[in-house]
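Both complexes below contain subunit A, partnered by subunit B and then by subunit C.
Take a look at the complex of A and B:
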């Protein structure tokens, strides 16, 4: 009886967790001009509508470009920084660790308005480049965290054995160290991609009317229109995120990103 | 852990700290220029007038105005309610998760984390549809014969949206705590004749307190400072601090005041959390519930 109650409760929580996505995907198929659930009829016209709206396409291109750059840069910077923290003692190491930890704690909105005022003070006009810079602050702490976790699991004696057998430092890095952090790096890069691609809070402060990322475009569009176009874009973005999640889960495990390990102590 | 094994390496004789610094340099530059400097600018600007002179007026304005004090109070209230909501939903869910196989647990964790991996605009938009006048909740209420009340643009809508995102932050630390409980304790107590409820109250609940409290801290601070979900689900009617940071910065264009509101938000939330953490340490964390 209690078992049944537990299962029922878990199913309800599950439904609660997937409800917004479920409803978004379903109502993107409605034939009505307004968003409704359950959807009425079946049409793909809202998807066609998405591709007809040029401003959405240009925003999509901008978002993908910035997100790809953010993923690549965070992977490289994260690897270098992770190695530095794990392997070396250098002046300011503790401070760097402290800053990386506090980056998780500072509210994104405060960071956004700080960047707005700082960029203005520097005379830096908003461009895809400033967007990338802003997003790196959000993504690098995660890649560093994952790289550090990967390095912690690496047996240093393998590296020493390789070095002792005469392998050059670069070869040791390439054949022993890098494979150990490959999973975390790929997972971290994909997470950096979706973090940048989905970011609204920071982007809102950094963008202009001519330069809007996709989330900003949707946010502004939502204020005036309530047609199912947004649900169609939403469905496409969910698919996008789903691909990224599958990759992350394959290489590092999603729970690790948030500092938890579900299989711990089992 | 990082310090071990380095000295005996001996493969490199040149000063190794230079290599370390070089590797860390990109991150140092990024966080120096794009994290430390903006936050410093923000704090500095909050003590300036629009023309740049030093002033405390931004803070006086906030603290002297009952409207803004109300906004701060409401922010803390919504954060506290979200925390309680996450605990009420999350605790039974964590207990359920604990009894499952590692495979199922992994799936459940993924399910919990899924809201965090979807674009927050889309997630909030989804709730607009779910709770909206043409949504499933309204449809069910109509079918039962109740005229659906306004479900959007109020504290309840924000609460639902926030619990949805924050649940993972409560359940995952809770799982960590529950897993550390010696699995023989409860059967031992049962064997000695303690009823199930007593076991829960005297063993499971107190021993899982650290996870609960860690989760509560994360949920509270993240909720108090979140902007997108409350802005979309609550609209201008639900008055929260991050919303005013945004409108002051982009609509009213009073940057020093926006900076001051942002800084007050950071100070109040971190201050509360530090006080809470100290309180816990004094009580040794786990005796709180006895």
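Take a look at the complex of A and C:
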């Protein structure tokens, strides 16, 4: 009986989480000119509409580009930073760790305002580059955390053993250190991609009318037209994320990304 | 571990030429403190030498300097006449085994063992052959495809040993390799390692804080404390004839009797303790007559005689049956003397007047 209730509760929670997605997907199929649920009739017209609107496509390309760059840079910077903090005692090490740890606590809207000021003062015009910088502020602290957790599980003796067996320093890094943080790195990169791709708050402050990420584009579009094009894009984004998860699952295993794998994290 | 005769012979031949380690005045300062001060050491090729001492005595630091993971702040480290003091670890040919096993968790056992050969660019077929051979030697054939986490602690340590041995190193360095294992396995594995080492003849340096382990496996033991070697000798000498107070107290139980040097006699070097004369063997140079000395006698070498009343005479205060031994404490004018008698010895009665004796060659004497 208790078990039955438990299962029921779990199903309710699942439904609660997935319902918004279902509503979005369903309402993108409506034949009406406004978003409604349940959908009335069935049409794929709004999907055709998405591809007809060039600004959405260019925003998608921008978002993916920035997200990929954020993923790659976060992984590299996260690894370097994690190694430095883990290995060396240098002036400012505690401060760096503190800043990285507290970065999570800063509301993104505050960050957005700050970055707007900062970029203006530095004379940096809005560009994909400033967007990338803004997103790195969000993603790097997380990657560093993950790398540090991975390194904590690495036995320094294993690196010594590799060196003793004839591996030059780079080969020790390549064959022993890197595999220990491979999971955290891929996880961190994945997180960075999603964070950057999803971000609206910070991007709102950094973008211009010519340069809009997909979430900003949708947000702006919705202020004037609330037609099902928006839900069609939403559905496409869900599909995109789902495909990404499946691809990563095929090559790495999603569980591994989030530290469920003991081998990588021991 | 099964014999693999062909390799054993080849390696033994090699060892005749290789594996002479020499440390000359090696020093290391860590965090402003000199943890190793002027260590001198020389091994014979094929020797099993143990650095024994409490934690913080500098033994691991010394081993890490030999391996190249730490750089010596002074002195010279030579292997077979080559100065390797400044050589990075990957250019020294030394196989190291760690307390934590230190296997590469993401590689199979076979890949772990093959790592050193891969770094040496040994061809795949030859590599596979050598890996299979060394795995059989350590009794891990059939485990090649497993990952380290699928193996027990003992098996992991055997794999680590195989990984270190397959490169036919100049030196095999063992850093507390048995300390993570439970008591029974520890004894079994150390016997296996000892037997394997004698068969393949690779010069081996073991670091341990376990005196029993050191006595059991070593050809020679260097007892270290506070960054210096107190005594470097064969296990029997280390045990029976400690050269310093530290060595005497660190290893086993000891009777320490204070007295005055009385010069050489027919039965060794004489020493007046309280109103009796006892004899021992001076550790190092014999002290001048009349100087203050201390005599160290292990309980196992003390014999109790009830038929004599000359020499070191005392009253039996306590006897206790301990299974393999009978512990007997005799109160003498020079202090309590503990004897560990064989289980079938005639046990004196408590209160009986007895004489404590030992062979002078089984006891040592140092200046105080």
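Convention: the second predicted complex is superposed on the first by the 236 of 266 C-alpha atoms of A that agree within 3 Å, B and C clash if a C-alpha of one lies under 4 Å from a C-alpha of the other, contacts with A are read in each partner's own complex, and residues count from 1 in each chain.
Heads up, the rule we're going with is that contacts are C-beta pairs under 8 Å (C-beta built on N, C-alpha and C of every residue); 3 or more make two chains touch, one makes a residue touch a chain.
Just so it is clear, the structure is predicted and the values come from calculations on it, not from any experiment.
Engineer: Mind working out whether A:54 is in touch with subunit B, subunit C, both or neither, as first, second, both or neither?
Structural biologist: Neither: A:54 stays clear of subunit B and subunit C.
Engineer: Which of the two partners, first being subunit B and second being subunit C, lies in contact with A:231: first, second, both, or neither?
Structural biologist: first
Engineer: After lining up the shared chain so the two structures overlap, which partner does A:179 touch, if you call subunit B first and subunit C second: first, second, both or neither?
Structural biologist: Second partner only.
Engineer: Tell me the contact category for A:210 with respect to subunit B and subunit C: first, second, both or neither.
Structural biologist: neither
Engineer: Should A:100 be classified as contacting the first partner (subunit B), the second (subunit C), both, or neither?
Structural biologist: First partner only, subunit B.
Engineer: Is A:83 touching the first partner subunit B, the second partner subunit C, both, or neither of them?
Structural biologist: first
Engineer: After superposition on the shared chain, which partner residues are touched by A:161: those of subunit B (first), subunit C (second), both, or neither?
Structural biologist: In the superposition, A:161 contacts subunit C only.
Engineer: May I ask you to decide whether A:152 touches subunit B, subunit C, both, or neither, giving the answer as first, second, both or neither?
Structural biologist: first
Engineer: In this superposition, which partner touches a larger number of subunit A residues, subunit B or subunit C?
Structural biologist: B
Engineer: Across the two complexes, what residues of subunit A are contacted by subunit B and by subunit C?
Structural biologist: Looking at subunit A, the two contact sets intersect at 160, 163, 169, 262-264, 266.
Engineer: What residues of subunit B sit close enough to touch subunit A in their complex?
Structural biologist: 1-3, 5-6, 9, 11-12, 16-28, 30-31, 34-39, 41-42, 45, 89, 92-93, 95-96, 99, 102, 105-106, 108-130, 132, 134-136, 139, 164, 167-169, 172-173, 175-176, 179-180, 221, 225-228, 232, 242, 245-246, 249-250, 255, 258-259, 262-263, 265-266, 269-270
Engineer: Under the stated contact criterion, what part of subunit C meets subunit A in this complex?
Structural biologist: Its residues touching subunit A are 67-69, 88-96, 98-100, 102-106, 115-116, 119-120, 147, 149, 160, 163-164, 167, 173.
Engineer: Which subunit A residues qualify as touching subunit C in the complex?
Structural biologist: 155, 157-158, 160-169, 171-172, 175-176, 179-180, 182, 262-264, 266
Engineer: Write out the stretch or stretches of subunit A touching subunit B in their complex.
Structural biologist: Residues 6-7, 9-10, 13-14, 16-21, 23-24, 27, 34-38, 76-78, 80-81, 83-93, 96, 99-100, 103, 105-111, 113-118, 121, 133-134, 136-137, 140, 144, 152, 156, 160, 163, 169, 194, 197-198, 200-201, 204-205, 215, 218-219, 222, 230-231, 233-234, 237-238, 241, 244-245, 249, 253-255, 257-260, 262-266.
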